[in-house]
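Chain naming follows the written order as A, B, C and D, and within any one chain the residues start at number 1.
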């Protein structure tokens, strides 16, 4: 029986770029982290250490910084498209280039209704992501959100589930629903106003989460996916990951007090993990 | 030569409490993490394992959850004052109780100008802190901010410093100034509108950072401290920690391009670390 | 165009179990973290909030603790097999159960050649992993290692790679090669002495890494994969992830000193990321 | 009332240095992280942005790398002493230099009893630390350990503590005692064989932890401190931090099973936090 190298890839991760774009009346600050990954005809690098087809990951990094100057001018999606294409065009032995970009969100400070021209504050842990996969004959583009911390204090229940010998959970028609949502959706084409679409889709996700009468995380997850696909024909499918960050009612009975859904233990582990992909038939 | 136990303390850390307060038209969601630390006459616990004066850390935790129901109703400062006093009053052998509270910030979601009654989104990594230290005859109270990620893209330089045989840094009149600021200020009294003061002091810190023409991190740090103390007589002193999160210009010259302060390498380590305390004479 | 739910799964992550097994002459301490994930006929939970086929993740957690008493007695692989089978057998509507177990490594303390019967010290960040996937008609089992921090100070070079307009990296025949290796290998069957195999395979990985004359990370990765498959017929294929944790020579020339491969900047980001799967034809 | 700058300091943190020392028969690999902090006559830097007395933190970093070549040859304590002295001697306006060094531990791999000459594996999360504080007329030196993960499965109890209205903890004569110990001890002089002393003191800490019949974390903490001071006259005092990483018995009664101290929930938060300093009278 012979051995062989199957799937393999290499690249540079965590290329941390910040950029200042100077507009007449204010400075625009952008901060991104880029991952580059290449696949292709690299067999001999593995088998005999022949590096003649290897574009070093250090050079990939330099390329990202150099191209950021002229080509990172609007959305991370468009910069990702430019980068993927650059690596494919300039390296004929590369059959697939994957670019992942994560953007940290910064907001201009505002005081008494006046926005400061060049002072920024972090908008929080929530990040905008984009993934471009380009092969010789195809481009796939996805956008997403990570570390979106959201919760609702009511309109969420969990009842009528299976009971067996290990059941201790009590049914409830009213609980806290908290999640660190990760969403990623694939577009049908790559000529789009990505910035505008991101805003629209993010709002659809938040609004559905907020207004849904939730009977389970699963049900809300599907509703959120539906909302995005129904309102955006350019979205092919959406993948949602919704860990259930449990807030467990603290037992105040033992101290002769009532806990009317007021006091909770906020826990990190263990956590429920609910995932699903909504697509078009 | 004899040995002895000097400073010692014990308590429970990371007591994670979330609370829902139901107002007529909306739900208020609060999430805090509490540290309790007690000092006092615990010598025999150490020397002979006599636990008869030890209030278990598990009980400290239960106490925080139980008291949260009726006494965590407004600011974390007031809840900290209540907790510290409770431990001192109920445990005569405790000579000092320290309560540290960190509040995670959540904002109600808003859609098209309408604030949702019970759906929340995280306001980011920035957290509000409070520390209460109560002894038999004295109460000290401080408030603060941690993980305040702020930056400005100009109005910051660093020049005319010492040059020696190990100097390679180039002087610049225009650089990015980014920091993960931690501030903590002590009040002169504990009967105050802490929520209002926090808002006022936070704004003074941000505004000074934004508008200061910075010749060094040190200079801006002092200006921020001055701004807080000058405008708030109830603040006794303020301690500021301002790590310099370097954004280093990427060398585009090597590729025949100019980097007009546009493209930077965002780094985490190493980082400058500037600290200072501003007080009243 | 209609919408539909595609792939979906739910379960409980980070179920942290520790167990003490009392042997006549010593105590055995085990610490694991278990993830449970179920797939199956859960459509109506998503579409109409019908939870009657949902085994709550809280119950999954309880099940893991309860079954750990009698069935977590030797390898994590065997406990994973038991758990996957339990969920499949007891929940006819579940078509696929995935159990991931990560074991933290603890070693008994030893003093002057004598092993202590019940005092332990952590063996470090390296962890043993196992994944069992069971469907109605198939069981797949993999073992692995994560966070295996290894490095060699020589016998590693990187030369003869592509040079283009963005190349600044210098070729070197002698560099530090450091990685946080993650390996995962699939077995051909699930009736095996997993503990013994883990020891054998781990040693093959380390030994190959140590003795290989590396012309690139890619080449060493393949050699490590080959070594495992050549010596272990029960291994079907192995997946390796080898981030290149760069140690960059510090430029001492600028201070009139030579850096003969002695002084390095240890960096976390950015990092090279090399992955590959070795399989049998 | 006038304002003034009180305590202030600045420096560079996380200067990550790795070094290869080539011995005839093997390579020695060392990895450290250095913090430099300076105090002194820096008032005008804060008040008017006069940087003429500021040694940039970038230069501090370069100095550490450059001096590592000839002066980081044995213990981190000796390198710390050299660095502190260098900054004090060369910067007359600096009144106090603090050097903190953390060393990551690496072990040479061994196969079948043979130690490999240049392949290393991480020894785990445990790190050796050293702190040197030098002023114009005084040198203080401390060594320590951080992230020392240790536990014992028996010989630990907690009973006879205070009970009040919030007590729910059950007394136990037999529990798991797990901690992530941090120790730091000050030496009486700085002419010592620090490497040898570190080994001796570390062993005393571990051995006392292992063999102590613990009635509380407090009691074991004191015993560990005593053991170090009793056997080492050159240690002036020792500071110990011992968070109690709780392993809570899982309630198997509810499923009709007995939990004979076998199955535990391993938790990170909340955690007990016990600290103490043992000194000489």
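Methods note: a residue touches a chain if its C-beta (ideal position, glycine included) is under 8 Å from a C-beta of that chain, and two chains touch if they have at least 3 such contacts.
A quick map from chain label to UniProt name: A, B, C, D = Uricase.
Here the structure is a predicted model, which is why all the values come from computation and not from measurement.
Distances between chain centres, each the mean of the C-alpha atoms, put B farthest from subunit C. C-beta contact counts were set side by side for A-B and B-C; A-B has more.
Distance between subunit B and subunit D, defined via averaged C-alpha coordinates, is recorded as 24 Å. Here the CA centre of subunit A is 29 Å from the CA centre of subunit B. The geometric centre of subunit B is 37 Å away from that of subunit C, both derived from CA atoms. Under the contact definition stated at the top, the residues of subunit D that touch 2 or more other chains are 16, 62, 66, 166, 168, 255, 268-269. By the touch criterion stated above, subunit D contacts subunit A in their complex at residues 165-166, 168, 254-255, 268-269.
Subunit C makes touch with subunit D in their complex at residues 16-21, 27, 29, 31, 62, 65-66, 68-69, 106, 109, 111, 116, 118-126, 148-155, 176, 203, 206-207, 209-211, 247, 250, 252, 255, 257, 259, 261-267. Across the complex, subunit D meets subunit B through its residues 1-16, 35, 37, 42, 45-59, 61-63, 66, 90-91, 158-162, 164, 166-169, 214-219, 221-222, 225-226, 229-230, 237, 243-244, 268-281.
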